[in-house]
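Listed below are the structures to be examined.
Below, chain A partners chain B and then partners chain C, in two separate complexes.
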Partner chain A sequence: MAPILEVRNLRTQFSGPNGYVTVVDGVSLTLAQGETLAIVGESGSGKSVTAMSILRVLPEPPARIAGGEVLLEGRDLLKLDEEAMRAVRGHQISMIFQEPMTSLNPVMTIGDQIVEALCEHRDISQDDAFAEAVALLERVRIPDAKRRVLEYPHRLSGGMRQRVMIAMALACRPQILIADEPTTALDVTVQAQILTLLAKLQSEFGMGILLITHNLGVVARVAQRVMVMYAGRVVEEAPVGPLFKHPLHPYTEGLLGATPRMHSDAEEGARQRLVDIPGTVPLPDKLPPGCAFAPRCPKVFDRCLKERPELVTNRDGRKTACFLTQERTA
Partner chain B sequence: MSGPLLSIAGLIVHFNTSQGTVRAVDGVSLSLNKGETLGLVGESGCGKSTLGKAIVGLVKPTAGSVQLDGMEIAGLSRGELRRHRARLQMIFQDPYASLNPRLRVGKIIEEPLSVHGVGNARERRAAVVQLAERVGLRPEMLTRHPHEFSGGQRQRIGIARALALNPEIIICDEPVSALDVSVQAQVVNLLGDLQRERGLSYLFISHDLSVVQHLAHRVAVMYLGKIVEQAPRKSLWARPLHPYTRTLLAAVPVPDPDQPKLIDQPMVEGEIPSPLNPPSGCHFRTRCPFAQAICAEQEPALKEVADGHFVACHFVERKPDGTVTAP
Partner chain C sequence: MTMATESVGAGAARRASRERLARYLARRFGQAAITLIAIVILNFVILHLAPGDAIDVLAGESGGAGPEYLAQMRKSYGLDQPIYVQMVQYLWNVAQLNFGFSFRNNVSVLELIMSRLPATLLLMIASILLSFTAGVLLGVFAARRVNTFADNAVSVLALLCYATPLFWFGLMAIVLFTVKLGWLPGNGMYTIAANFNWFEATIDVLRHLALPALSLALFHMAVYTRLMRASMLEIYGLDYIRTARAKGLSQRRIAFRHVLPNAILPMVTMLGLQVGALLGGAVLVETVFGWPGLGRLAFDAILQRDHNLLIGILLFSSALVIVANLITDLVYAMLDPRIEVA
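Presenting the complex of A and B:
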């Protein structure tokens, strides 16, 4: 299927005391209708900055998009002026965040906020918009929606706020939903509810979801494709099944091995020692000359220290940025 | 055989607020043996952190008993508690909040030794270097301040400080929750190694059941101030009995696309109610798919249904032939 969103060679920089620092370095991705693409990585990998660059919601300055294209149905969003971009945000692409309170207005009722979002993008009367706000809250399974619509955000639990955020994000039936760690702050039972809700809404509306998360369990449950980021670059991309079964990049392998997993035989879970990736993610202004993962990589060899591996598509259509896997499959 | 190292009985912690009494911990009994890890799991607001703090005396228990090797320590004054501090330490989720930002790391790790008057200055400094090395900090790092460290390194500093007095028990309150997974694995492995080397006992408080399975020998599941199930690791995962435990286990997303669920359990609706006004009877009944009239009327007692396996549910029963039925 033709992608609705195509990002090519995106480069995002932040100004620092010693000039610009590249935080997202040549990221490319595609997203099709009804598809969920997960971007995984640890803090500092550039996954959130990638998402915010696509929607151009980073404060400029200090940020600047230094290069690349963000094509929404062929139209480059990076070339739009702010007014045209506003028409895209919320209408064609929506975003939800880890902490809904940062994007909900604390002094407006939930209903008024949804009505505002609807009226911004659609020619709709206040009364109709209000009725639709109630319908949207019901759709995201907020109990007693008629009463809740009149409440302020602080009266709601974290899970309910995330539902309100989802209702607002989907108010204009966007083609793409960017979800940045949408369940990270939630308890595990509420996380399961929200993931199920998102999957249901996706099958109803057919939107593409760009899911940003550090949780590999969440990825396995909802995504079809996965992109692994490290220090601002994509190091591996693959369909979810092959990536979990047979990770190619040593960083992906390390991430999977470091993640504790529950076994139905608990003794087995307890016996396995977690894979220890030594050290931490390097800061973007202190990247080593070769592969950014080389200082932590158990399979490092001399070429990795001098030369940076590019992201290459292997014969089976998987992509990796690692000399080892490229040599093996070449 | 001697009794457990730490034994908690009928512990209650209530907070009076302008909106009423918060029943954070509402009658909890637990025990911890030497060299053992007891996992304490539950969702936010269940009272697990308050329980940990009440054990070490950071929060004053309203009622109940905390015995360290048979000695009562609940409700002791700060000064009296200090004598026991050498044996009982705590590490926290956010090490930064528990490290004095103005002190150099060496001083932070040394502080418990100075407070307890252990050794002279030179001996203490040597001990600090040893502790730092054991948790994976280089000696030259000791002259830096906490803000110069990453989250994982700060947790190592917190662990080194907790180890300084050579304690027998460490209360670990979500020690890896704020860390990236690669660093989380480093700290989880370190805690496991330290336990084997030193025979430490951990009360490991966490919301993450995967980490708990990895570290804990026994697990207690807490919901709205009460323990609803407690079992050895093997039996908890082989046969979780309380509907809440089953719900929790089913909700954990497993990092394996071919095995999305460990157990089949209907997803619960709603969220944990406020501890200001917990439901009558069984606290879980408002979210439980199996709730009946009796659950609102009567609080289920925590009863032993199999060897070391305790459950508080009206519908979990041990038959005369020893088999256990669950909803």
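Presenting the complex of A and C:
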């Protein structure tokens, strides 16, 4: 299937005390209609910045997009002026955020906030937009939508607010929904409800979802493909099944090892211990000269410290940025 | 709370919220009354701690009098009674809206205050409107152009307004606009002995109002400007502004629909505080511009040791501030849906 969104070589920088620091470095991705691509990684790996660069909602300055292309149906969004970009935001590409508690305007009713999104992009009367807002709230399974539409955000729970955010994001039937940690701030039971809802809406609306998360359980549930990011770069990309069964990059391996599982393999007998990855993600202005993961990597060897591995496609079609796997398969 | 409103109908919920509002108002008025009584007692005590009374001043001005005459005067005005008797008597009178008699002016205090109150209210309301509007506009203007030349210019202007003494600005305004340019009158509230119809009379008062209102407004305009700018910038960094941007809204709509209504909330708090400060400023402005208001009346009352009048003015001013604060709270509750009157 031809991708609707294609990002090539995206580079995003932030200005710091010693000049610009590259936070997203050469990220490329594709997303097809009806597909879910998950971007995973620790805090500070550049996942959210990647997402916000696509929609160009980072505050500029201090941020700037230094290079690359973001092609939406072949049109480069990075070349659009602000006016044309506004027509894309919330219309062709929508976004929902991590904090449903603070992502809605506290002094506007939720109805008004949805109506606003509708009226911005569609030629629609206030009354029709209001009726549409009620319909949208019903679609995201908010009970008693007719009354809820008149309420202010503080009257709703976190899960309900995230539903409102989703209703607002889907108001104009976007082709792409970027979900930046949509369930992180929610209770576990509510998380499951929201994920189920997103999957259901995706099958109804057919939009592609770019899901940003650090929760591998969420990835396994909803995504078809996974991109693992580390220190601003993509280190591995693969379909969900193979990635979980057989991670190639030592960092992916580490992430999976650090995830608790209910059913550990029986042959191992004793209870499996959670393994953590020692150390933390290096700051973007203090990256080591070679592979960024080298200082924390259990399988590091001398080439890793001197040279930076590029993301290359292996024989089986998976992509990794690691000398080990590249040597093994090449 | 959510559960409760779900189980009962919307009509019942509205009725319940009306009852809550009535209870809230009753409680706030009760608190206000207690505050007011405390203020009266405090003022009465403080004033009587100062040496000398009205009789001393009267006697001094009329060139001296014998001790028997003074004693007789005190007795006839009830000033020979113990202080607590005078106080209880005064409180009782206040409760009946009887603020006593200004012996110096030979009219009742209430009448005197009522004759001066409209002028002061006009001056205060004009300067509040002026400072608030100008402050909000300048603050929004600066915040939307943060760290540009325009932003810095607004900051410098605000600092100047903040630092300029009120009376000095007033005098300079008179020198420039009245003496040199002759554009605006610099003294009084209306042109004396002019035969105006109501429209001309209104214009005449507004022309007299311009300079004193501006002088009184300047300081708070600076405060509002800085506060509004800071408040706007803070809101700009919040999550729901990012949501608004992700919706594809224009910068203009984001500023006026999303940032401004949230940024204006702390300003309302400041508005309540301003009313108290304005009364203090009114004394100076009314003196400089010869504005026939309460401020100047208070000033004269102090000079003449007119206790009854002074306490009456203090009482009225306190009531004004208390009412202003009550209104502020109600306005705040109206603007911010998160505050539910409990």
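The rule we apply is simple: the second predicted complex is superposed on the first by the 321 of 330 C-alpha atoms of A that agree within 3 Å, B and C clash if a C-alpha of one lies under 4 Å from a C-alpha of the other, contacts with A are read in each partner's own complex, and residues count from 1 in each chain.
Here is the rule we go by: a residue touches a chain if its C-beta (ideal position, glycine included) is under 8 Å from a C-beta of that chain, and two chains touch if they have at least 3 such contacts.
Being a predicted model, the structure only gives us computed values, none of them experimental.
Asks: Return fit or clash for chain B versus chain C, each positioned on chain A through the superposition.
Replies: On the shared chain A, the partners fit.
Asks: So, does A:Val275 touch the first partner chain B, the second partner chain C, both, or neither?
Replies: Touch status of A:Val275: first partner only.
Asks: Chain A residues in contact: does chain B have more, or chain C?
Replies: More residues of chain A are touched by B.
Asks: Examine A:Leu80 and indicate which partner it touches, taking first as chain B and second as chain C; both and neither are also allowed.
Replies: So A:Leu80 meets neither chain B nor chain C here.
Asks: Quick one: classify A:Gly254 as touching chain B (first), chain C (second), both or neither.
Replies: first
Asks: Let me test your reading of the model: by the given contact rule, A:Leu55 touches which partner, first (chain B), second (chain C), both or neither?
Replies: second
Asks: Thinking of the overlay built on chain A, is A:Cys119 touched by chain B (first), by chain C (second), by both, or by neither?
Replies: In the superposed model, A:Cys119 contacts neither chain B nor chain C.
Asks: For A:Asp144 in the superposed arrangement: first (chain B), second (chain C), both or neither?
Replies: Second partner only.
Asks: After superposition on the shared chain, which partner residues are touched by A:Thr196: those of chain B (first), chain C (second), both, or neither?
Replies: first
Asks: Return first, second, both or neither, reflecting whether A:Thr102 touches chain B, chain C, both chains, or no partner chain.
Replies: A:Thr102 contacts chain C only, not chain B.
Asks: Minimum C-alpha distance between chain B and chain C after superposition, to be given in whole Å.
Replies: After superposing on chain A, chain B and chain C come no closer than 8 Å at C-alpha.
Asks: Share the list of chain A residues that count as touching for chain B in one structure and for chain C in the other.
Replies: Correct list for chain A: 157.
Asks: Flag every residue of chain B that touches chain A in the complex, lowest number first.
Replies: 43-44, 150, 152, 180-186, 188-189, 192, 207-211, 213-215, 233-234, 236-238, 247-258, 260, 262-263, 267-272
Asks: Would you pull the chain A residues touching chain C in the complex into a rising list?
Replies: Touching chain C: residues 55, 57, 86-91, 94-95, 97, 99, 102-108, 116-117, 120-121, 144, 147, 152, 154-155, 157, 165, 168-169 of chain A.
Asks: Contact residues on chain C for chain A in the complex?
Replies: 1-2, 6, 10, 238-240, 242-250, 257-258, 261-262, 335-338
Asks: Which part of chain A faces chain B closely enough to touch in the complex?
Replies: 42-43, 143, 157-160, 187-193, 195-196, 214-221, 240-241, 244-245, 254-267, 269-270, 272-278, 280-281, 296
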